[in-house]
Amino acid sequence: MGKLFAVTVAIIAILSAVPIVMNYWGPPVDISTHGAAIDEQMHQTMWEAGIAFLAAQLVLALFVWQFAGRGKNDKLKSFPGGAKYLVIAAFLFVGTEILALGIIGQKAWASVYFAPLEKDSLTIQTQAGQFAFYFRYPGADGKFGTLHPDKINEGNQNFFGLDPEHDVDSRDDIIAGELAVPVNRQINLMMHSKDVGHSFYVRELRIQQDFVPGLDLGVHFTATKTGQYEIVCTQLCGLGHYNMKAYLSVLSQEDFDKWLKDKAAQ
Amino acid sequence: MRTKNILLTLLTLLVCSSLMFAGTISGKVTYTGTPAKQKPIDMGKEPSCAKQHATPVTNETVVTGPSNSLENVVVYVSSGASDDGQVPSQAVTYEQKGCQYLPHILPMHVNQELKIVNADQTSHNIHPLAKVNREWNKSQPPGTPPISEKYDKPEFISVKCNVHPWMHGYFAVLNTNHYDVSKGGGDFKLPNLPPGKYTITAWHEDYGTQTADITITGTETKEQNFTFKAKAY
Amino acid sequence: MSEAAAQHGPPQSFIWKYVFSLDHKIIGLQYYALALVAVFIGMFLSWLMRFHLVWPNAAIPGLQLLSKNGAPDGLITPEYYLSLLTMHGTLMVFFVLTNAPFAAFGNYFLPIQIGAEDMAFPRFNMMSFWTTFVAFVVLLAAFVVPDGPPISGWTAYAPLSAIGKDAGPGLGMGQNLWGISIAIFCIASLLGSLNFIATTLDLRAKGMTLMRMPISTWAWFITSCIALLAFAVLLPACLLLILDRVAGTSFFIPAGLVVSDRLQPHSGGSPLLWQHLFWFFGHPEVYIAILPAMGIVSHILINSMRKPLLSHKVVIGSMMAIGFLSYMVWGHHMFLSGMNPFSALVFSFPTLMITIPATILALIWLGSLYGSRLQITAASLFALGFISMFVSGGVSGFFLAQPAIDIYLHATYFVVGHFHLVMGVAAIFGIFAGTYFWMPKMTGRMMNETLGKIHFWLTFVGTYCIFMPFHYLGLAGNVRRYSSFVDDFMAPLMPVHKFITIAALCTGAAQLIFLYNLVHSRFWGPVAPENPWNATSLEWTIPSPPPWNNFGGIHPVVYHDPYQYSVEGAKEDFIMQNSPEQVETPIPS
Amino acid sequence: MATTVPQPPAINAQPPSRPFPGMHGGGGSAGLIPGAGELRAVAERSPEPARTGIWVALAAIAMSFAALTSALIVRQGSGNDWQHILIPRILYLNSAILVLSSLTLEFARKTIASYIRGEGVSRSQAMQWLGATLALGCAFVAGQYLAWLQLRSEGLYLATNPNSSFFYVLTAVHAVHVLGGLGGLLRVIYLLRTPVPILRKSTMDSTSYYWHFMGMLWMYLLFVVWLKL
């Protein structure tokens, strides 16, 4: 029975590693400037965690194989070096791993959250609500109209609660259900929640950030490949959570200008 | 027993006679000024619906027709012909199709059965934001039976789908069977009105209400037009 | 020395003996029974969820009887899926993972293992069970209120959980019941922890020094220290949440929220405050679930290996370190929540540091296996399975502790796989191991070993089949808490989901073997001897099941460290803690 | 204490003299050495659970109020609706009452100790001090109620603004704990009134620790209220 356990554990460990080594369901290709650092970090961690996982499972299998079912006459042995060396090993190996990954990881994290805002970045506002994202471009005047929660009227498609009657800034605001961005230009995404907590997740962009009601946050990124990608909500926000999504269109500058013009005309 | 029979006969006679001398109110709803531009709806997040519409549909808050006519105005008898108790036996149906409500405004009698059907391949949620009546909030996955409900008090109830924020409609729960919703061209018609004094009300979800007093004397058709002032924003 | 004995004599009538019993053993069994009911409900809910995920258009016959609105014609609506998810999480975390390894086994064996006649405060003990029971009933009541159970998840993030029914079905009465239930549960757990701590500190038998306590006792003791502080924070948090919901205060609800076209009349509240309070409880809660399992597994493994662990002190020290660090890491649940990005880096380090004591524990278990005389029983198989699961679930924590990687993996199935393996399955393996090991003592009947082993193989392979693929889904970016996968990039992952669902249905069905074994052995199993496993600790020195006052009025005296197995020169290969046998000590060279 | 401890089985052989039993660092064969028969560390009479239990309970209560305090600080920073409220004057009087009640309880404790030791103090003297403490405690709760009434008359309800919310929550949660303390006092009185008093010292002590802690906690809360609300 012990041998069976050993074999099972070994098989499970190796089979578990196969899809990861073969990259069956890996992350999609990264389309952001900062994503490479995150991918690298993930890759490093995968190696280290993977080796630790396989080593531990295989050692478990080996020891159970060797020592299960030994009787009273078999000599008891103690692990060479005893607990002391194991503790030292844990501190050394895990400690260095922590330090190494922690330090590399800080850089990857900083590339998302501490990257300075570039001068020519494009500011876009996104509002999450139950259960859709809407995006707002400031229009020709470069200014966003003020948001009035009491004026929000979804039936009238006034998702941002604008007051064009009194607020001149809001009249040329362009509102869209998809996020179109020009390629290779930094986007400063200002995030506002209409109701409850939501989250903005684009796998390819390696960006995930919560919307916090009452707290407007910003996140910035630069997309490097044109194409259409999915934005999904990853913070449980209610019954339509599963259906809360939008598309990210990364366009060339000309296409983007055209898109903006078309939207403004509507 | 006998008296009851007699009474019933009398009542039938009365109803028949009133039908014989039925008047009709008809008219047209128009607007003045410039209504706000209706924006196209981006159904991108629900591809199964988006592909049902060759051109994007717009929101239906203000639907206008030729020569300044205004659609989706509920015109009904608000006093003079209370039909308490005469609840039509057939149900009214509210359909969700292509992530739109068909019709946008559904009039019904108090306590009339309301059937809500999901004709889409996606889950809808029906959340009528009732204030006077009991509020409820239900989801309807594709393939589930129609939801059957009733409202026991007159109210204009805004209906929304929590899953698809652009989906908005209205239930007009009325205490009368004499109602109409203005269609293309803004026309409406309230037939079969027995002689009497009536107040008729025209209700628009954005532009508010207007009323008019009309007296029907016999078999006649009276014209009553309503003109709403459009809002630019 | 024993105040407990003075407080109650042997119970006479049925109701005092089995219902409102003051006896810690009966209370332990009551907790176990409650956890058993909760775990089967929770598992059933997970079946419904898994079924709905892969066959969204297939009706589940009869489900409409459970909820007319939630499952019209047996088809699960999106909100009902979230209700199931919330109730699954709440039942499992609170009523199974906290109750079974900690409250149930702890109640039964902590006093016996330290040689006490009962808990320090038997009345509090009884109250804490019945309070838990009330919490359980209040939570289940959410199934029958018209709007159904809450849909805000077991974490109940504000403002979704705070706004009320405008935010969706189940967020009216259902969410109120949830808040009340959890608040009651907090009180029960506080009473329980208080009892455990006082008992451990004050009621130990003569000779039972702290370091002579078995590792399981240490684990319960450390856990109760964690629970005392963790539930003391969740209780006021629940109070504030309930006030936001019913009294119109604005602790967690900010101004200007428009929900269901209605402007909410609140101002200035902080949604992040709820997350901070919740996770300050929530992360230690993970260790409340896993530490007792570690203790139980160590206790059983030592018995099966016929030799002590490499170091008693290091194991206890590591568990303490884990308990201590668990209070400094809550922020890693909130890397992307909008708190200051610097604090993510601050929280990341203690989170990674927890790997050190966890690794030490794993290495000690593995190192102790070396050179042992490992006996394979159902209990030891589950203990070995625990180690495997703990390692598997632990390494994935390494990813999530790093904020940069968390950007990609946060809120994906990777997280679900991680915590199910390390907190759910590992702890449940601890419970199973404890059940097979201790049931003879608790019921006086042996459980069927063959059925136990079959149960182990199905469960071990089954749970790996369920939870390993969760990680692959997460790496592909599959978002958690979705009731169906309408998104283009998740649709191709459907085959993986199908595999998981089938594995979940099979593994769940395998638990019926356990249930059968448990019930059948309880009544018709062979009568258990006093010490069937040739174990050393005090619970094996008394009859199975023990008399109401445990040691029959005699106060045990402890002469030995807890795990004196295979001592050279001893009469047998084990020396019980209370055995006066002396062995010449070989002088360490 | 209450029950007699049966004699432990006699230890046959004296343990051989040897270095520290048990673990020798890294385990190994040393880990297999049985502990000697000596009995260490646990005193013949371990402390009574009530005494330990009360400290544990106080730790949990302190933690709860720490959580509420940090909630208050976070909440103050999160919104711009922080409006200071005027503290009802009666709170200062209540504070004095609570301090006084701690003093009377200490006198009660001393008197009871003398009474139990039979030092010529009558039971009714002890009862008087306990009764005074009980009355002062009730007066404190009543005073808190008056403070709430005063806030209500100013139009400050639970949900009016965050400051009033926190005021009501902090004072109400504290008052509930004080009520618990009053229950404890009643229990002490009950145990003392039986023909042969069965009041244990540990019960008396733990009740008084709890009561003093409530007083200190109140001072802390008053400081928080004064500083923040």
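Brief remarks follow.
Order as written gives the chain letters A, B, C and D; numbering starts at 1 within each chain.
Here is the rule we use: a contact is a pair of C-beta atoms (placed from the backbone, for glycine too) under 8 Å apart; a residue touches a chain by one contact, two chains touch by 3 or more.
Computed from a predicted structure; not experimentally measured.
The chain pair sharing the most C-beta contacts is A-C. For subunit B, the chain whose average C-alpha position is most distant is D.
Per-chain CA centroids place subunit B at a distance of 55 Å from subunit C. Each chain gets a centre from the mean of its Cα atoms; for subunit C and subunit D, those two points are 30 Å apart.
As a whole-number value, the distance joining the C-alpha centres of subunit A and subunit D reads 47 Å. Each of residues 77-79, 168-169, 254-255, 260-261, 268-270, 272, 307, 310-311, 484, 486, 566 in subunit C touches at least two other chains.
Touching two or more other chains at once are residues 122-123, 125, 139, 158, 160, 162-163 of subunit B. Counting only residues that touch two or more partner chains, subunit D has 25-29, 31-32, 78-79. Taken in their complex, subunit C has these residues touching subunit D: 1-6, 120-121, 190, 193-195, 197-199, 201-212, 228-229, 231-233, 235-237, 239-240, 243, 247-251, 254-255, 267-270, 272-273, 276-277, 280, 307-313, 553-555, 557-561, 564-568, 570, 575, 580-588. By the touch criterion stated above, subunit D contacts subunit C in their complex at residues 1-3, 5-6, 8-9, 11-13, 15-16, 18, 21-37, 39-42, 44-50, 52-53, 56-57, 59-61, 63-65, 67-68, 70-71, 74-75, 77-82, 158-159, 162, 165, 169, 173.
Those residues of subunit B whose C-beta lies close enough to touch subunit C in the complex are 122-123, 125, 127, 129, 135, 137-145, 147, 158, 160, 162-163.
Subunit C makes touch with subunit A in their complex at residues 77-79, 82, 151-153, 157, 159-160, 163, 167-169, 253-261, 263, 268-272, 305-307, 310-311, 314, 336-338, 341, 344-345, 348-349, 352-353, 355-356, 359-360, 362-364, 366-376, 381, 384, 387-388, 391-392, 395-396, 398-399, 402-405, 407-408, 410-412, 453, 457, 460-461, 464, 468, 472-473, 475-477, 479-489, 493, 496, 566, 573. The touching residues of subunit C, counted against subunit B in their complex, run 56-57, 69, 72-73, 75-80, 147, 165, 168-169, 260-262, 484, 486.
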